[in-house]
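Questions regarding the structure given below will be posed in turn.
First chain written, first letter: the chains are A, B, C and D, and each begins at residue 1.
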Amino acid sequence: MEMEKLTSAEKSAYIKAFTAMVLGRTLDKKIVNAQRQGRVGFYTPTMGQEATQVGLSMSLGREDFIYGYYRDVSLLLHRGAPMEAIINQIMGNSKDVEKGRQMPSHFSYKGVNFMSVPSPVGTNLPLAVGSAYAFKLRKEKGVVVATFGDGATSTPDFHVAMNMAAVFHVPVVFVCENNGWAISLPVEKQTETEIYKKADAYGMKGILVDGNNFLEMYKTCTEAVNNVRSGGGPVLIEARSYRMGAHSTSDDPTKYRKDEVKEGDAKDPLIIAEKILKDLNIGDDKLVEKIKAEAQRIVDAKFQECEKIPPPEPITAFQEVYSKNTWMLDEEVGDILD
Amino acid sequence: MEMEKLTSAEKSAYIKAFTAMVLGRTLDKKIVNAQRQGRVGFYTPTMGQEATQVGLSMSLGREDFIYGYYRDVSLLLHRGAPMEAIINQIMGNSKDVEKGRQMPSHFSYKGVNFMSVPSPVGTNLPLAVGSAYAFKLRKEKGVVVATFGDGATSTPDFHVAMNMAAVFHVPVVFVCENNGWAISLPVEKQTETEIYKKADAYGMKGILVDGNNFLEMYKTCTEAVNNVRSGGGPVLIEARSYRMGAHSTSDDPTKYRKDEVKEGDAKDPLIIAEKILKDLNIGDDKLVEKIKAEAQRIVDAKFQECEKIPPPEPITAFQEVYSKNTWMLDEEVGDILD
Amino acid sequence: MVQALNRALNDIMAKNPSVVILGEDVGVDGGVFRVTDGLISKFGPERVIDTPLAEIGIVGMSIGMAISGLRPIPEIQFQDFIYTAMDQIINQMAKIRYRSGGEYTCPVVLRAPYGGGVKGGLYHSQSGETYFAHTAGLIVVTPSTPTDAIGLLYSAIDGNDPVIFLEPKRLYRSVKEDVPDNVPKVPIGKAKIIREGDELSIITYGPMVPTVVSTVQKNNINADVIDLRTLVPMDRDAIIGSVKKTGRVVIVHEAPRTLGLGSEIAALVAERAIDSLLAPVIRVTGPDSPFPYRYEDYYVPNEKRIMKAIKRVTEEA
Amino acid sequence: MVQALNRALNDIMAKNPSVVILGEDVGVDGGVFRVTDGLISKFGPERVIDTPLAEIGIVGMSIGMAISGLRPIPEIQFQDFIYTAMDQIINQMAKIRYRSGGEYTCPVVLRAPYGGGVKGGLYHSQSGETYFAHTAGLIVVTPSTPTDAIGLLYSAIDGNDPVIFLEPKRLYRSVKEDVPDNVPKVPIGKAKIIREGDELSIITYGPMVPTVVSTVQKNNINADVIDLRTLVPMDRDAIIGSVKKTGRVVIVHEAPRTLGLGSEIAALVAERAIDSLLAPVIRVTGPDSPFPYRYEDYYVPNEKRIMKAIKRVTEEA
């Protein structure tokens, strides 16, 4: 670890980053537990990908637009989405901006330019290219970021989006959060090459980065994003981490793997981050403990708060299909709610 | 040109190759003319791709299975499909194995293991991987070949097929007949990289070859095919040639290009082939002229013959949708033909 | 109709700088049917975009453009090739507004030539309206005249919902019409009663309209002829109103019968006008088979088949 | 039903070495619903194939396998994700036999769990049978009991046509049944009359069958209850025969109403049994909207809605 002199802005940025990671981890465990108790319907744990997401988020500006995916909890938190927004989505209550229509983990938060997540893997990527095209056409300075898993690189949409992004030279940053698994399929069976090398096939730059290390992520992404922002064309970043949890609360990973990385291991992104803070003399055990305790307090409080929020009205489940409901839907809903 | 000692088998193979190319060219011009006179409904000229197709065909065995595309006339001819089969398909008459159901240029000929061509570009590629999987599972020695254009490399199916072929290590040979254009889009706007390099993204070998030179094609393909056959895994071959004709008889290329290569130019695959025969002392002007005259005679005769074949019965247009027609279709056709 | 569409696109692009066109061969070549001819030289390659060969990308990029404030009008060269983009249409385009709680919207106008008429065989002749009409979240329209094509395109681009704009390629060049200078918008969801009559209701749309009209004229049929124009949401009142008046229904479309649009029309009638019905509801449609290259004329409903159906419903007690 | 399917797949694979299974997580993991559990250890990874994440590839490879003599049984993890492979299904699978003049065939049995019941929201609950049923060239079946699941799977794998095998995931674990040792094939194209009655005909299939049956039992309804089992080709005779007897029809399915299967059933009735009809044909279906995460129970037809429809058709003069 290089012992450069840090500005106080940098120091607080790193603390903010660590805090977001801890919040993400704490919230994650809270939700997984709540799901076991039947208080939450479903969830896709994000543990292990905190550094990837926070490091990426650090490199972005407010004006940038995110097509994220279902594990991007730490990214959302670091980017400034209120924790309630995440919990309300998980609960699908009346304060959920998606109005309880989507499964848990399919977040949306316009306040931080985070587009509502669909389930079909990879299918946001062509949208990201389209948004980036709009930014370029209007000469805006934002970049568009698309995050996705290693499994997503096998999808049709990945190929088409990468090719079109390169052909149209639009400001889009593709970030593959390679956590080693697509449900039960290890990345070695997903494809016969390293993911960042796939960029070559499109005449695009491909970058490999340690996704367990938020500082590496931050630096690498900052350089890449700045290049994209200044008209350098799209880029593919492969961030390698490890899916420390199950694929989802419906998944039983013991069927197909031994958990190679456990919480507290040297590869745990939180352990690495802690070490970075200490090595850089930004924080000590006390600070770390304080952040963790504070995170636990916040998560518990927010969770309790959100659990009290009533569900949305049933009718909201059948609205906003169009700008104005069709007569068919009006009739059908009349019958349903009658 | 390397002046190796040729066996008589090689000599006759080269003459056969040249003959197939000449037949392909002659037939092509015949059909394009017939289309102008309204005697044929539609056609996709193949001029310029004869060497690519014949060189490829020379490297294959009878047991190999071809997922070809709409321009593969010379491949079909060299592989032994009777010329009538091609003309009958173009005419959609009662001897067309496809029974007049498909547009012209969508060939099928089971006798040489050439699978019926669909129109949607690229969509045969995953099928080729599946067939190759079957060959591998049954430990048969055939390889599967998929041919397609440069435009096809942008399709979802290309990506998925390449990736799965590599992951399953199946005996499939992907041959991109890069003729420089996808209707009006030049290959430079199709993608930002060279096509053969796309193989890297799948951990597959990619090979670039001069598709105007049948001998180069033959040699390169033979080596590649043999390697695939002996279990070396899939390969992508990019054969560069030039689409000398219009995209199709409905297309007007003057809208978007100047024809860079014309018949008789140094790059014309037939001119190159002629030169090869002469350089290798296999043939002289006399032989070349004889082959051309003979080709013209055959094409004219076959064409005339096939034009006399009556159309299929109308009812054939509504059969073989299933192994046994549904009652709906029976009823509907009853009404139609009534 | 090609010229009408071209004129409307010219207008729309001139008026609204957020409108972009994208698709295969839509730029330099002007589109394989020439609908976008000349647009690139007027509006530049940034707004009239020749794309690589991938319908997923054309549709997917359009959705992203719309989310980010543009007004894309993508073209699918032949509707038959839209199916690689089906996931983008069903799972993204149709669900952006709903799933985001209304925070994001997706005003894409997706143009696609459909149906027979160019001797295109099974891959250049399909009528896939059912796939779109069954997908909640999409508006589906199809014009039968050049003027309607303009009027519907204006409405489509002015709305805030994704629109599947199906162009009957059979009518691209066959229908001639004096198109007025100022074409009014054709409202979404409103059918046109082309002819009025008392003996039966013939319900049709798009490519079959001229065939139905000429059949009715030639044979002096005393029928309501309804051109739906919008397939979703369908003009229930026009259909049911007419059926209540006539008591007899013939539905004509080119798409295959099973779950073709005719089945929804028949179901609406069976649900809402059963008391008025004096005869079976008859569908004259393409058969449940792929579209053949030869014998296109057998596949597509023609005067003879339409007359048979008319006779059947009118002769019934 | 999961165990029944697993047993049938075991049988089929043991009997025919040409049968292969492929899909996401079908091997080591045994499938996310456990339908393929244990097969990989019995038949090896060459025949039970874990694929990369691409439905186009799963379906496309299966078509190629079938062309080359294998008998693939691909799995789509959730039917909602099938749409990226829609082009392969519509333009390849359904048209191989036709376009090749019968020289090549495509006996693929494509399994996909569909419908609600797992709180899966708009992307894990869809009922897309219309998209397949409208596509000529495909057989479409859906079982409502474990025994039928086995019998239909046997028929599907014995046939020579592509089959879309839709599994109601709501019934995967909810229906218990003693499955006999030797399950006979369930013929394609034949509906099952589950209950006989005189006052009305209730036509349904797949996931809605238990709901309909319990509603009818609980409320002592004197109805024919028809479980279609095969959606294409539909058992016209069973439907029309019953309607001619009762004169009243209620159709129940979970898919959205507009162009849902009910519209074809209603159209058949309006075409062939109009004289016998004593009341409007009523459809009880999912609404024309995406499938919500919350309020699944409002989306899916329930006893209350079915009873309302029954009252409506039986109280009508």
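What we mean here is this: a contact is a pair of C-beta atoms (placed from the backbone, for glycine too) under 8 Å apart; a residue touches a chain by one contact, two chains touch by 3 or more.
This one's a predicted model, so the numbers in the text were calculated from it and none came from an experiment.
*Asks:* Sort the other chains by how far their Cα centres are from that of chain B and give me the top one.
*Replies:* Centre of mass proxy via C-alpha means gives A as farthest from chain B.
*Asks:* From the mean C-alpha coordinate of chain A to that of chain C, what's the distance rounded to whole Å?
*Replies:* Roughly 40 Å, centre to centre.
*Asks:* Indicate the whole-number Å distance between the mean C-alpha point of chain C and the mean C-alpha point of chain D.
*Replies:* 30
*Asks:* In whole angstrom, how far does the Cα centroid of chain A sit from the Cα centroid of chain B?
*Replies:* Roughly 46 Å separates the two chain centres.
*Asks:* What positions in chain A touch 2 or more of the other chains?
*Replies:* 101-102, 106, 118-120, 123, 154-157, 160, 163, 167, 189-191, 321, 326, 328-329
*Asks:* Two or more other chains touching the same residue: where does that happen in chain D?
*Replies:* Correct list: 52, 54, 56-57, 80-81, 83-84, 87, 91, 95, 98-99, 122-123, 136-137, 232, 258, 287-290.
*Asks:* Building nodes from the protein chains and edges from chain pairs that touch, which of line, ring, star, complete or other describes the result?
*Replies:* complete
*Asks:* Write out the stretch or stretches of chain C touching chain A in their complex.
*Replies:* 20, 46-47, 49, 51-52, 54, 56-57, 59-70, 72, 84, 87-88, 91-92, 95-105, 136-137, 139, 159-161, 232-233, 236
*Asks:* Help me check something: in the complex, which residues belonging to chain D touch chain C?
*Replies:* Where chain D meets chain C, its residues are 56, 80-81, 83-84, 86-87, 89-91, 94-95, 98-99, 122-123, 130-131, 133-134, 136-137, 232, 256, 258-264, 266-267, 269-272, 274, 277, 279-283, 287-290.
*Asks:* Considering only the defined contacts, which chain B positions touch chain D in the complex?
*Replies:* 65, 67, 96-99, 101-102, 106, 108, 110, 115-116, 118-120, 123-135, 137-138, 144, 156-157, 159-161, 163-164, 167-168, 319-323, 326-329
*Asks:* For chain A, which residues count as touching chain D in their complex?
*Replies:* Per the stated touch rule, the residues are 41-42, 92, 100-104, 106, 118-123, 151-152, 154-157, 182-185, 189-191, 250-251, 255-256, 311-312, 314, 317-318, 321, 326, 328-329, 332-333, 335-338.
*Asks:* With touch defined as at the start, can you tell me which chain D residues reach chain A in the complex?
*Replies:* Checking each residue of chain D against chain A gives 24-25, 27-30, 32, 50, 52-54, 56-57, 80-81, 83-84, 119-124, 257-258, 285, 287-290, 292-295, 298-299, 305, 308.
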